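You will see chain A twice below: alongside chain B first, and alongside chain C after that.
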Partner chain A sequence: MTVQIAGVASTEFGEHPDSSTRELFTDAALEALADASLTPGDVDELYAGNFIGDLIDDQAHVGAMAADYLGARQAASMRTESACASASSAARSGAQAIMAGDADVALVGGVERMYAAGIQEVTDALANAADNEYENKAGLTFPGIYALMAQVYLDEFDVSQEDLAEVAVKNYENGVTNPLAQRQEETSVERVLDSPPVATPLNLGDCCPITDGASAAVLVSNSFTEEHGIETEVSFEGSGQSTDSLALQDRPDLARTRAAERAADQAYDSAGIAPEDVDVVELHDCFTIAEVLAVESLGFFERGEGVRGAVEGETAVNGRIPVNTSGGLLAKGHPVGATGVAQLVEITKQLEGRHPNQVDDSTIGLTHTVGGSGASCVVNVLRAGGE
Partner chain B sequence: MTVQIAGVASTEFGEHPDSSTRELFTDAALEALADASLTPGDVDELYAGNFIGDLIDDQAHVGAMAADYLGARQAASMRTESACASASSAARSGAQAIMAGDADVALVGGVERMYAAGIQEVTDALANAADNEYENKAGLTFPGIYALMAQVYLDEFDVSQEDLAEVAVKNYENGVTNPLAQRQEETSVERVLDSPPVATPLNLGDCCPITDGASAAVLVSNSFTEEHGIETEVSFEGSGQSTDSLALQDRPDLARTRAAERAADQAYDSAGIAPEDVDVVELHDCFTIAEVLAVESLGFFERGEGVRGAVEGETAVNGRIPVNTSGGLLAKGHPVGATGVAQLVEITKQLEGRHPNQVDDSTIGLTHTVGGSGASCVVNVLRAGGE
Partner chain C sequence: MQRWFIDFAERIDDGDPIYLACEECGQAALPPRTVCPECSSRALEERSLSETATVTAATTIYSSTPRYADETPYTIVVATFEEGVRLTGQLRGADEVERGDDVLLDAESDGDGHWLVTFTPST
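Up next is the complex of A and B:
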């Protein structure tokens, strides 16, 4: 059983000093509703991904805030939180509410406002996604966590820092032509290698920025499209979500993301497809190493081979399996609570044939979103050809 | 379409200085799974309500933490947050995941650990449920918010502080015989009136305590019960959830909770029942005034008449419509992120005929859980007679 994607929108990603969290969310939500030819009064359920709004802005209860400010008080509203995968959980929950028969129209989205708090406070807040007992209290923050994973990966396979840098080069190149991307400039392997070290082997050029932004999508039931004469071009076709140990110390292999492997298997099963059926992918490249691990977990490359995607052009816009044609988290930006739906927005535009880095003949697209160091992972599958 | 409740459990509510959040959640979850004759490996989806764990304990990503520590890494896991209604959102989402066909077994629960942080830090954290722009920044915290609502109610109707105190007297009396309740002692109208003023017209005796605790329930699909020969006695029959303005200032009448009215209507519709069909109720009495507003929103009393429930015994265990036979939030306690599922645990025990304050011949029960001052409300309906 499927649900339809009737409209999508993202704000520009970057710095929004004059917009509050509720304003950013509403901007994206109203644009997505307009794209669907619907209004706030049509929304039955609203799921808002948000990760650190309470920590840095003293505002939890973000679902109600979003529905209230949008003018959708009639809706059931809820905040979903799976760390940086919060918005993908929102999308999955919205689809389930429709499939359960509780809603015809679900507005799913996410928002994060990170710039105003500054890098130190944001880094501390993001560390809430790690295991407080065993990681935060020991001083570990996310660049360090992913550096540990990268170190193990580089030790285990014949891969270099130069190879990892190629991921940033590819994604920055894609960002140049995405008008919503935070970084619309190219980079180079040399520039990444010469950028300040953050946590060896990751330099600043291997890390995504902090970002303000919001994204939203309007999911509707098949019967609603028929009754209201709405034509959709893309359907939400399947989904998988799984868990891994919260702390790195409990994982047998740091160069492998098990939750992503399980989520991918589930998503492929639920959509009735295999990895080779996928035409275009938005995945969670919060650090260059994260993209390499992701393309392996998703079954596009054998273990130890993932970096070939960027190095040999297999994941380029015109490659075998285009990955992060939006610029990814590295160039498009990573407003953590919004990212999963931002990926869904990009894939929807690809499957509708209106993406700035259009992939020819793309029918099946996939989003992959990670919470923390991989303790959560959500994989959602979209298909061109709606109702 | 319904789902079945195969097992339920709550920890004791009160002070748990030696238990971490993950330990509390796991205690409740393992007991609920044992009650269902299932194991952590059987769980397909896990929804954990938690409101202020990140704010006072530096730990977000509570869904993954809970699944990990429980030994359910295979599960999809997510934190739901609707302020103090977080766990009821978890229950609703778990039921939807099953009804959508994505899960056969959903573990839904919630946890909060409040004592260790102390009353000042907890009060500040809870204020995240209000509107930060228009309420928190002006210094308003929840006792003040509910006092404003109470003041309007007392002005509008022929109701006194003595009448409100009767709500506490009833719920404390019920708590005496609930072995899991935080306060197992009687109180009196005099004692409530003589207790220190918190925010006029509410005294300390009108306010629920802060509480450590966790609750969990195992929801299963009808087909799973058939395939595995599981006998259930209670089904999750319907649900409603709605939103109101986050800030009090945007409501036309502070003596009325519109989100609860809409959620109740939806829940009654989805379960195919009317208010007069309900036999037993657990509702959100965070303050005495909250119970009065709730029984009116749920359609058990006309506006301005709600206080009759406690004053004239209509909401007593042997009354016309028994309310908070557990002791309610006032006496049982209110670990905010757990409360909605704690209510579901109590109603399930009532419908299974194993409640310490058993209501005779109860077939239909209802939970009502409020986020903030009523910006969120979830109403879930249960029915005796499973599969």
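Up next is the complex of A and C:
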């Protein structure tokens, strides 16, 4: 059973003080359904990614809330939560429901509202993705965890903070032309290096912003497209998900994301492709170092060489393997529970040929989303050529 | 805090820290595991852990969670023990350490049930 992507949408990413978790999700879901020429009544299964709603909104049971407010009470609904990879899990779950023959239409998405809480409260909530006793309670923040990974990486591979900053420069440049991006401005190596320290060696300019936003996609079965005369241009081709130790301290190599390596292997296998077949990538650049580790774990660069992507232009829109043409988490923004589907929205637009930073002749696209410091990772593969 | 972590920290505080060793594959792990993360054996034996370790990575935190907001900047260390486990703790007795430096393991309590692993430079 092949899975087709019939419609996608993201809200603007940034600050939505007058909206709410349920309204943001509904906005994205309705737009994705309209893009698919379907209605809420068509939805069989709904998976909604959300990470910190319990803490920020005092609201759990987000799956039911999302389906209720979408006007899709007939749907089986569930929240998916795997930290920052929550929405990628939603997409994977929806595709699996269709492949299993349990659903013809799956609405998958995610939503997060972060701005309303202060920076300390958000930092506290995000730290819940880490090991509470061994990391969070010790005062290790999320940027701190990635800073530890960065320190090991910079030292072992003789990479500089300037090199890492080039990742932000590239992604900010891509964000300038993305109308939904939170930061539509360029940055420079100097600006990143001169920005306030967050957790050494990472500065504010190395970190993604806090973001309100929602994303949604409508996945449909092949038989449904045939019965209803729906034309699609992109299929959900394969997926992988894996796990690593919850705490960074339990990994043999702090600067290596094994869950991502395993998820990528699975995803490549299930899609019947190899890393060199991939034309365009949205990956989890929550911090500059994260993009470098990601391009290595996905097999695009050898260990220790990932920074070459940004420094030498290999991951630019017109490069060998374009990465984060949306601006990535760094510039597009990172509403944590929505990010995986936000990436899927961007890749779908690339493969449909309607992306603001269009990559020529792209056929195969990939999303890579990391939960926590790499304790979970989801990789989803899309292919142009629908039904 | 969870009971298992309080027990773990109190053993450090008593100068008698422990770790878990897998009798099947030799993997070193930290409490409260029932199952070896490498080979799934349940034959995990409690053994004594050294009180010195080597710094694998350290970061100075400038933007913290509310609990530590009044203490920034402070430094977090991940240190590796010869038994094969690593621990994360706050640096005491210095502002910074380098990778490869030796540190001494200790634990602090705020008297209100919150325990914290700490490291102090050993030279």
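Methods note: the second predicted complex is superposed on the first by the 386 of 387 C-alpha atoms of A that agree within 3 Å, B and C clash if a C-alpha of one lies under 4 Å from a C-alpha of the other, contacts with A are read in each partner's own complex, and residues count from 1 in each chain.
Just so it is clear, a residue touches a chain if its C-beta (ideal position, glycine included) is under 8 Å from a C-beta of that chain, and two chains touch if they have at least 3 such contacts.
Just so it is clear, the structure is predicted and the values come from calculations on it, not from any experiment.
Contact with both chain B and chain C is seen for A:133 once the two complexes are overlaid on the shared chain. In the superposition on chain A, A:38 makes contact with neither chain B nor chain C.
By the touch criterion defined above, A:58 lies against chain B but remains apart from chain C after alignment on the C-alpha atoms of chain A.
Greater residue coverage of chain A by touch, when chain B is weighed against chain C, goes to B. In the overlay built on the shared chain, the residue A:259 is in contact with chain B alone; chain C does not reach it.
Of the two partner chains placed around the shared chain by superposition, chain B is the only one that A:372 touches, whereas chain C remains out of contact.
Of the two partner chains placed by the overlay, only chain C lies in contact with A:197; chain B stays clear of it. In the superposition on chain A, A:152 makes contact with chain C only, while chain B stays out of contact range. Looking at the shared chain after the overlay, A:245 reaches both chain B and chain C. In the superposition on chain A, the residues of chain A contacting both chain B and chain C are 127, 132-133, 136, 245, 250. Every residue of chain A that touches chain C in the complex is listed here, in rising order: 119-121, 123-124, 127, 132-141, 143-144, 147-149, 151-152, 155, 196-201, 245, 247-250, 254.
By the touch criterion given at the top, residues 1-2, 4-5, 29-30, 37, 56-69, 71, 73-74, 76, 78, 85-90, 99, 114-117 of chain C touch chain A in their complex. Only residues 1, 20, 45-46, 51-52, 54-55, 57-65, 67-69, 72-83, 89, 92-93, 95-102, 127-133, 136, 239-246, 250, 258-259, 262-263, 270, 371-372, 375-376, 378 of chain B touch chain A when the two sit together in their complex.
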